[in-house]
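In the two assemblies presented below, chain A is common to both, partnered first by chain B and then by chain C.
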Partner chain A sequence: MADKKKLTFVLMDAPYENARTVTGLRLIDLALKRGHDVTVFAYEGAVSLAFSKQAKHANAVHGRDVDQEDHPLPREWIAALFEQAQKTGAALEWINCGLCVDERGVGEAVAGVKRGSPADLWKAAEASDNALIIGAR
Partner chain B sequence: MAGYLLIESRDPYEHNDVGPYYELASGLAKEGHQVTLFLVQNGVLAARRGAQGELLARVAQAGVEVLADDFSLRERGIRPDRLIPGVKPAPLDAVMDQLEAGRKALWH
Partner chain C sequence: MPRKVLQVIESAYRCTIEEQDDPVVWITHAMKGAGANVHLLLRGNAVNYAVKGQAVAEVNFGTRHQRQAPRIDDDIASLCAKSVDVYVVEDDVAERGIERSELVSGIRTIPRSGIARLFGEYDQVWHW
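On to the complex of A and B.
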């Protein structure tokens, strides 16, 4: 494993809207697998990624019930990242922008997700070895 | 000399700001910086032979290391032997390696 690093990632996209989300989560997963400490600052639509009330649904158009549809839920991906961090002894800090959460009514999040402000992003970026901002535009 | 990692997630057919991003990569390399342009998502579409590939070929000729995310290539059914010269398939690990190395990273 490479030397342990502190990395900060900034996500902005809402779930189900852009491949950037998947690429960002792939990168975060990779960083955790390498044992790096990671801070994620989610703002704007990305605060919904960890919303705990996301629900699987059936697909009447394709004639599938809930189990057959097996709809992917980003909240499960976020929970899996926390599990990955535990496996490799990495620290994962996931901070949702509080104002963005309130605007969208997505206050309930999976375990481990915190509420914060851009000041937390500033502190995390300053303390990190590197940072990657994945903006929506 | 600084090291830069420029990530391009867009294709130049839908987004007309991709060309200037390529120019940024070329310009940094011409000034002597170590530059990698990592293509991901639809960014890899421009690396196909015959798909305005000359734009990317010029970036590689300027001294930029041009990599294409192998996962994005597989998603789009693009075989490595269909890539223009100067573009190499690479796993996402290449991005992580450069973040670890402290490259200045930009996402587009």
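On to the complex of A and C.
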């Protein structure tokens, strides 16, 4: 790929709080589909996005059981991003801020997710063509 | 030469009690320690981070006394001491009735009309 880029994304919002994270994941998905290498630094609440104990539930209001409801789980989306990266030969590095993980007790993460520090964010940003911060509001 | 990044903080006091600091101010300290060429622009309500002498009331829930309240002004002052350029938007400062003399030493002021030019001095702008 002639125009392969390296991009860094910082996510900060916890799951199920707003649409910013979904927008960020869409951008990451698109970058991977185009074969670009991506580093994600999950900061603060965003470390829960990859928490492996997220569970689906039924929804009586919707009149659907667990299977029918197919409730969205960010951990599944992140796992799918790793699969997408493999398909297109892009590199996806997902780094959870270690201290943020400890604060929230969300140490169990889906495969591929690493623990890191702000130094890793800086290293990734230095090596990237650009960085996009999706901060909490 | 590391690339030069300007961090922009606008949301203020979002989780400072729980975190004992502002997470963006904190990560600026941490990345500076890792060799980053990072600087800071406080705008909107976040200009209040630069007001010296802030006191946070102690938090107590039942018998649980929470120690180590945030000291945001100290955190800003120590960034300045680490050669991090810290800017506040002077229009935002004035709109909130804050006097220049109330700001921690080392703070740089910039008019709102000068923000675009300031952005141009950096390789990247990270708006948190």
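Just so it is clear, the second predicted complex is superposed on the first by the 132 of 137 C-alpha atoms of A that agree within 3 Å, B and C clash if a C-alpha of one lies under 4 Å from a C-alpha of the other, contacts with A are read in each partner's own complex, and residues count from 1 in each chain.
By our rule, a residue touches a chain if its C-beta (ideal position, glycine included) is under 8 Å from a C-beta of that chain, and two chains touch if they have at least 3 such contacts.
Just so we're clear, the structure is a prediction, and the values are computed from it rather than from any experiment.
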| task | Give one word, clash or fit, describing how chain B and chain C relate on chain A after superposing. | result | fit
| query | With the two structures laid over each other on chain A, which partner does A:Asn130 touch: chain B (first), chain C (second), both, or neither? | reply | both
| Which angle, in steps of 10°, is spanned at chain A by chain B and chain C when each chain is reduced to its C-alpha centre? | 60
| said: So in the superposed three-chain picture, is A:Lys5 touching just chain B, just chain C, both, or none of them (first/second/both/neither)? | reply: first
| query | Does the superposition put A:Ala80 against chain B (first), chain C (second), both, or neither? | reply | neither
| query | Where does A:Ala119 make contact in the superposed view: on chain B (first), on chain C (second), on both, or on neither? | reply | second
| chain B versus chain C as contact partner of A:Leu30, first or second or both or neither | first
| message | A:Ala19 in the overlay: touching chain B, chain C, both, or neither? Say first, second, both or neither. | response | first
| query | A:Ala58 contacts which: chain B (first), chain C (second), both, neither? | reply | neither
| With the two structures laid over each other on chain A, which partner does A:Ala91 touch: chain B (first), chain C (second), both, or neither? | neither
| remark: Shortest distance over all C-alpha pairs of chain B and chain C after overlay on A, integer Å, is 5
| Shared chain A contacts, counted only where both chain B and chain C touch the same residue | 130-131, 133, 135
| In the complex formed with chain A, which residues of chain C make contact? | 2-3, 5, 11, 14-15, 23-24, 27, 30-31, 33-36, 38, 124, 126-128
| Can you name the residues of chain A that touch chain B in the complex? | 2-3, 5, 7, 19-20, 23, 26-27, 30-31, 34, 36, 129-135
| request: Going by the contact rule at the top, pick out the chain A residues touching chain C in the complex. | output: 10, 12, 43-44, 117-119, 121-123, 125-126, 130-131, 133, 135-137
| remark: Within their complex, chain B touches chain A through residues 7, 9, 40-42, 69, 71, 92-93, 95-97, 99-100, 102-103, 105, 107
